[in-house]
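The chains carry the letters A, B, C and D, assigned in the order they are written, with residues numbered from 1 in each.
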Amino acid sequence: MNEKGVPHSAILLVSCSDQSGLVATITRFIHENNGNILNLEQHVDPEEKVFFMRLEWDLEHFEIPLSTFGETFQRLIATRFDMEWSLHSANEKPRMAVFVSTLSHCLYDILSRAHAGEWNVEIPLIVSNHQTLKPVAEKFGVEYRVFPMTPDNKRTQEEKELALLQTYQIDFVVLARYMQVLTSEFLDHYPNRVINIHHSFLPALAGGKPYHSAHDRGVKIIGATSHYVTAELDAGPIIEQDIVRISHADSIDDLVRKGRDLEKGVLARSIWHHLKRNILVFRNRTIVFT
Amino acid sequence: MNEKGVPHSAILLVSCSDQSGLVATITRFIHENNGNILNLEQHVDPEEKVFFMRLEWDLEHFEIPLSTFGETFQRLIATRFDMEWSLHSANEKPRMAVFVSTLSHCLYDILSRAHAGEWNVEIPLIVSNHQTLKPVAEKFGVEYRVFPMTPDNKRTQEEKELALLQTYQIDFVVLARYMQVLTSEFLDHYPNRVINIHHSFLPALAGGKPYHSAHDRGVKIIGATSHYVTAELDAGPIIEQDIVRISHADSIDDLVRKGRDLEKGVLARSIWHHLKRNILVFRNRTIVFT
Amino acid sequence: MNEKGVPHSAILLVSCSDQSGLVATITRFIHENNGNILNLEQHVDPEEKVFFMRLEWDLEHFEIPLSTFGETFQRLIATRFDMEWSLHSANEKPRMAVFVSTLSHCLYDILSRAHAGEWNVEIPLIVSNHQTLKPVAEKFGVEYRVFPMTPDNKRTQEEKELALLQTYQIDFVVLARYMQVLTSEFLDHYPNRVINIHHSFLPALAGGKPYHSAHDRGVKIIGATSHYVTAELDAGPIIEQDIVRISHADSIDDLVRKGRDLEKGVLARSIWHHLKRNILVFRNRTIVFT
Amino acid sequence: MNEKGVPHSAILLVSCSDQSGLVATITRFIHENNGNILNLEQHVDPEEKVFFMRLEWDLEHFEIPLSTFGETFQRLIATRFDMEWSLHSANEKPRMAVFVSTLSHCLYDILSRAHAGEWNVEIPLIVSNHQTLKPVAEKFGVEYRVFPMTPDNKRTQEEKELALLQTYQIDFVVLARYMQVLTSEFLDHYPNRVINIHHSFLPALAGGKPYHSAHDRGVKIIGATSHYVTAELDAGPIIEQDIVRISHADSIDDLVRKGRDLEKGVLARSIWHHLKRNILVFRNRTIVFT
């Protein structure tokens, strides 16, 4: 049990070519070492014949310490099936940095949730290309660091940011309406660990002014999309999407207003799934076990 | 009163440049001729400064016969404000043709609704490029005419279709998963009177295989879009859209299955709004008063 | 492979007290007999400590014939863990009867889907307490039998209906806006095999006139609920629900119209899940694996 | 123009028995005094024959000062038609008090929106029966006053609260998960000016533990409802509702988590409509013009 009386559990994420006996082998291994399975979710991609699993088990009577689990699992099982896998303790408290520009709604929502204890996360750092949101950071007592961006200084500024992320031991980054495109050099340091919120229903209306485009096109529904950031703009693996109805009576200001609520909700649910280790990524798509 | 005891009413759709006194002038005209206003909906496009109105009033004590209303309204009001307008009796029963290819779900839904009395419409004719759905038409006793299409015969076949539509006195056409692109020559005969259902959330995933594209892109929501057909493919004024959640566990077959229900629902609601005269079109967008 | 080239698969539904080793034991049994697991979904009720599983595996190389699977599974596994279980072939084509009164929208939708091949089901029989919908049955060539109901004859009429269901070898019954309450004697013959569609968002607005109640209460959303029928009215295990937004501008007629589309969609999705063996029932709740 | 360059406009809310000439008379009055109508929305309750209107017009060239509009409108129009009406300037900045107990999510959301400038409102005061949320108030620099409640002191505490509301010139009150029932004596001071958020889809699951009830009943959708508070618990006029899908896999904790996001969204949209003067109340129902 941890301090809250919640049983301490471990989460194993596995993927490999689909083959007979995968579930039986893994569950038997956990069972024979006295781990009680709390949740098991699996998916087989029927076209690519790839197997995915998320397994959570109670550690109370489990006989293998987490510190040596990896070596044992690799030797006994993972090598045989050529698995990719990762192990996580449900008690881990990942460290998250938030990148923002000038819009505050997602930042307020993230900091409020963290302070209210909704998430098992640390937020030690906010990075921005503007001073604008410093007062929000100060309200919540979070370090706020500004790196102004010009076409010429992007790479040097990003290197400073990366150094800062390392100093703060940041595990993953959330772009909360951050209006700069990150270079692939930056992203290489955080593969599938930079989450962005895009203010449209991707793949429709990619690019910079989706609410204007939605209004011009006369759509009846607008959306928001969160995704892991990859080098190709607005094209990374989608984590979560949501929509809201609009009508001819909605101005662009109304779209922006309704979109704000979508954005913060979609981004928050993505962070939740990332923190719960519900997500696997495969070929630019996500498997989100819920 | 009509035969159902429903008060007989008239619907006036108006658009013109926005200017002072429009609502006051029109409502006063109806009022002074003893028409009781049942519904009034108006919208001003704030960028283009264009005024739109849908006005419905009770004809019971109205002193101007519908047959002469147009001449009077044009002389006293419409000319002064440079209005475009159209007048409709709520008792009209428009005549609708359905175009289909091989998928039956929208056709079944349309014919079921018409036969159950949900809509005030006549459906005397179904047109197809395949024999496949003839048995469905026969179940409901509707004429089914086949015009096979090849790259070479499209214009001549369309001319035969147009002649047939004229014979059957068709007011508007519904493309219920009809897999042929209509030429602009055909469409010129039915401006804003051909309704299509597209099996994606436009403007995302236009084109022929949206469910495959949605699956490849890993979206978490799929949609359907109905629109008036214009010469530019999948780009006409959107009438209605809807969505359904999907997950990694949904195969393309699941997307097709979930999409079918979206498509028939979205198309049916469009037909409803078209029949109720709820729709005005302006610059490739719709105003849908609901 | 069956005739469509779809691999022939088996589905096992299991429930029992939660205990260590359940997943490992069952999956190992399937694996060791050369069954390739296609889908595995499990759920543990954390309060009641009950385990539920739906397991689907490919029969192509499976070494135990389905005809003897039950005896083997019971002897080797089910007895030891005190399991309740049922086995189904994915190729089964269950036989369904539809009960209706006078409203046609759900009936049309069900017959359309069955005729379009959406469902793996036979519908040999429609039962009603009114003649009204006989023409719909005739369109689709389905036997339509009328049993008028009075307060005095309900039990004797139900006995005739039960005899007819037996004659037609009916596996499950769908109440498609059937306006009679079935007695518990009737229901005892079809436990968790009578599906009803209720025209409200249960548990709100149970009873006979939910659209009127919704309008009186001024709700902004209406719903529909499908559930397995139990002796207590409108209180059986909920299978599926859905909602639609309404406003002050919607009359009761509008609610009825919007509700019709909800009802047929919710009912159809329930039938789908029932046919796919996605549903387990526990203590008046359903587990629906999707 | 006001300081933001937004045209200064007035909003008139009207209700009366439906009668011929209402729209014509009112719009003519505005027009003849050089008011340009920006928005007109009207609704007639078809059962009760009551007329409702929300009219917004540009004040730039309007010839009647707002200070004397009421007297003029009453004399020339309102008396003749026996109207109830209220006049509002779109530039008004109403003063809102928030009542909370111990849950912070709605409070954070409200204060964040106010500070981000989403709403045209002042929030000078937070009232609570607990100290718990004082740090949240302090983050945002808002006065936080605690009135502990016991069965014996409710009336005296409420009187102190009312005095405080008067001191702070509070226009309306928002109960942001405030866990005390207000007496009818309190409510008499703020008719249709106390907004509550209830954590269920009313009228289902009224009362104190709706998430537990939803879980026990096995519903597939949960909701949240905001309403004006009346003396009868959870029975006041509904302003806004929303829902989210749940499944058997969701624990009560998951319902609470998903419900939190519903609650804050529904409450925020209600406050928006209240501030925009979009709401009229009639017989325990709302007309919400959007």
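By definition in this document, contacts are C-beta pairs under 8 Å (C-beta built on N, C-alpha and C of every residue); 3 or more make two chains touch, one makes a residue touch a chain.
Quick caveat, the model's predicted, so the values are computed rather than measured.
In the Cα superposition of subunit A onto subunit B, the rotation angle, rounded to steps of 5, is 180 degrees. Centroid distances from subunit B, each centroid being the mean of CA atoms, peak for A. Subunit C and subunit D have CA centres that are 42 Å apart.
Computed from the mean C-alpha positions, the centre of subunit A lies at a distance of 36 Å from the centre of subunit D.
Multi-chain contact residues, meaning those touching two or more other chains, occur in subunit B at positions 249, 290.
Interface of subunit D with subunit C (complex): residues 43, 46, 201-205, 213, 217-221, 223, 237-243, 247-249, 251, 284-288, 290. On the subunit A side of its complex with subunit D, the touching residues are 104-105, 108-109, 112-113, 115-116, 118, 139-140, 249, 257, 260-261, 265, 268, 290. Listing the residues of subunit B that touch subunit D in their complex gives 20-21, 23-24, 27-28, 30-32, 34, 36-42, 44, 245.
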